[in-house]
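Next, two complexes with subunit A in common: one pairs it with subunit B, the other with subunit C.
This part shows the complex of A and B:
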């Protein structure tokens, strides 16, 4: 039953833009799926490991800039740059993790906020590399032929399928990770870090591993962001607000569940984008409202609540 | 030499306002263990409050503060009583996430109502700075400095000398023991949240003539707040005052002697170092 549902969902995922192909809908779906990747990324660290980070924009920005710079300076196409962006983000996560994981709980959250602000300021001022506040712009993407047809980068379809694959990969990685030894370590750390340490788990190593994996997907999403919007600047990819949005999508959707970030993204991003179409500004107002409602009335999130209703075992 | 004195003076002037915001955050943390992510948005509300009072009724910010601060106290009481109270027992991380939601809500509501335009407050007497001993001192900042000192000193006196103040400090040190001594811990929490909000809002009113106003200004202010309170030790009022002045000095000296673009980064670097090596603050008085 569960397998059939998942298969149906995947079929729906890949056929959705063929069924409804208005540009707004496809753009909305792309945004939903990109935020699914980001929410899933945050969920690995914030959900499974219970480490609240307010600095994930760092990894998104690192991925976005890597992808962009590889293309503009070295001529490496963005679809190779995206995984490289993920790797660079994962590498940056190592020193960040070894520094910040000396702290716990809210102090860890504050330290990630500080790191993110430092890195944003570096990106803003290291003009020889990042072009500073002016930002970086891609005018054209290199031509690609797939199955004998050249891909039309002016249409949104190819981007939809790229981000759909990325979102599936992020959710699959979450699932696989939750089944491994690392997943068990992280749950133990989340429940009680001192006990986890006492039974011999290297908590710093496990948390750094989770942060790295999480950063990889944030970086990948950042690379996709750069390729899709074709323009980035430090205030677009490094702001505190972006880090906070990731947190909200993961929490409202349902922490420590594989599908939670997807549900959170469908719910919040749809609300936000429709609101933005109508009012232009203030589209994050619902993020704030639903975050407060979620923490107050259903800390397990929308998906977690649904699963409880459906009588899931855990 | 003149540059040094100049940057020391402007550092202390801005630092006094940072201190005021920081004291608000630190008393809230001390009593309720709430890391209030929405604190910067209270500063923003204060800024907009003074802007609208000036625009609509032509009342100077340094006069309207007398009404706006009590109003902010009531807003704080309301927020605590109806929104935060039920969340606090579920732990520091939950309140952190909850107030982050509150912050995003307030900032976006402000964006909707007041748009994202940058606004400024123009005061007639603000055009020429005072020049005592050849050092430029902007008049609005000088008045704000004076008022910030008076307000912070009044708060300090309140905490140290009055019964309610003593009860608040007792709750901050040891809530259970305070409750056993007959302190109404719940009421202290309400009063403290109101006070913290009033301080943030008041600092916003005082800062408004010297800064640009825009709805998301709280985001960067709250980050600075955390730097201040962690420097001084979370929960410590004198620590927050010292931390505020210190951050003001670091920023103004950093801008002159290190680099203008990185002046904001210096504060965060010091913040990280303090968190890592002296988690109870530079003066070792905070709660880690």
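This part shows the complex of A and C:
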């Protein structure tokens, strides 16, 4: 039953833009899937490991700038640049983790906020590398031929399929991680960090590993974001708002669940667009009200609540 | 060689001298009671040995190896496991998972770790509760879970921090029996306790600390006659 549902979801995922191919819908789906990757990224650290980060835009931005700079300065095509963006984000996560994980709970959360601001200011002021506030712009993407057809980068379709694969990869990675010893250790750390240490878990190492994996996916999503928009500047990829949005998606979808970020992204990204269209002024008020209702009545998230109703164990 | 040898252990918290120049040894197979009035520094001594707090001075030797300054997880890997006075189970995980996580330390494969964990749970009398969430256990069961989790790391030395706290008379008797059985099974034990009766029956030797300093180190029947100990617990007679 579960396998059939997953198979159906994947078929739907890959056929959706063929069924409804209006640019608005495809754009909406691309945003939903990109936010799925970002929500999944946050879920690995904030859900499984229970370490709240308010600075995940750090990794999104690192991935975005890496992918962009690899293309602009070194001429390396984005399809290589996007995974490299993930790797750079994961590497940045190592020193960040070893420093910030000396702190616990709210102090860790605040330190991630500080890191994001530091990195944003570096990007803003290191003009020789990043162009500072002017930002980086790509006018054309390099041509690619796949199965004998050249890909049309002016259409949204290729972006849809790229981000669909990234989203699947992020959810699959979450699933695989949750089944490994690292996944089990992260739950122990979330539940009680002293007890985790007392049974021999190197909690700094495990948390850094979680942060690094999490950062990889945020970086990959950032790389994709840069290629999709073809323009980035520090305020577009490093703002606190992006970090907070990742938290919302992971929490509203359902923390510590594999599919939660997808569900969260479907609801919040769609609602965000609908509210923006309906109420040009003050759409954030409605968004905020929805958030409050969701957190008040579904603290376990939409997907978490559904699973409770279905009586699922895992 | 002593299983554990502590020399000159001292800890200041700011101006407060929580533990001062504490030295003692424990031989393999012994149950050593560590007692003292409230605030005497018993739990601090545990935290110093287990690596949760770094001492201001002093050394801790496990089978001759100096382990002072090691992180808690490293101390556990060396073979010292501890329980917490205020129980700290992984509340939203099952009883079995709580212990399996600890068994991972010696058995990285999940199947093996789980089967070891089941064995340990049987041993502490929680075999029938394996699938419950830890948070749903009674306090007495949670105290046993603490012990099970520590045992699953296969320690040479077990540090029990008030395993009887909050238990009723029957539960205390059962728990005492468990500790003695563990010792017979080959684990060396240091046991911090408030319930003196349990300590007196089970321990081979008792170290008494007061205001961070050792005031007695003797078999239980001698310790109760020691005037310094009586003074520490009941207050000295006016001279």
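Points worth noting:
Going forward, the second predicted complex is superposed on the first by the 297 of 314 C-alpha atoms of A that agree within 3 Å, B and C clash if a C-alpha of one lies under 4 Å from a C-alpha of the other, contacts with A are read in each partner's own complex, and residues count from 1 in each chain.
Throughout what follows, a residue touches a chain if its C-beta (ideal position, glycine included) is under 8 Å from a C-beta of that chain, and two chains touch if they have at least 3 such contacts.
Quick caveat, the model's predicted, so the values are computed rather than measured.
Judged by the touch definition given at the top, the superposed model places A:200 against subunit C, while subunit B stays out of reach. Residue contacts after overlaying the shared chain place A:263 against neither subunit B nor subunit C.
By the touch criterion stated above, A:211 is placed in contact with neither subunit B nor subunit C.
Touch criterion not met for A:13: it reaches neither subunit B nor subunit C. In the overlay built on the shared chain, the residue A:184 is in contact with subunit C alone; subunit B does not reach it. Contact with neither subunit B nor subunit C is seen for A:123 once the two complexes are overlaid on the shared chain.
In the superposed pair of complexes, A:192 makes contact with subunit C only, with no contact to subunit B.
Taking subunit A as the reference chain, the count of touched residues is higher for B when subunit B and subunit C are set side by side. Against subunit B, in their complex, subunit A makes its touches with residues 52, 54, 99, 102-103, 105-107, 109-111, 113-115, 117-118, 121-122, 124-125, 239-241, 244, 247-248, 251, 279, 281-285, 287-292, 295-296, 299. Listing the residues of subunit B that touch subunit A in their complex gives 35, 83, 86-87, 90, 92-94, 96-98, 100-109, 111-112, 115-116, 216, 219-220, 223, 226-227, 230, 259, 261-262, 264-265, 268-269, 271-272, 275-276, 279, 288.
Interface of subunit A with subunit C (complex): residues 181, 184-185, 187-188, 191-192, 194-203. Those residues of subunit C that touch subunit A in the shared complex are 50, 52, 71-74, 76-77, 81-82, 84, 88-93, 97, 100-102, 104-105, 108, 110, 149-150, 152-153.
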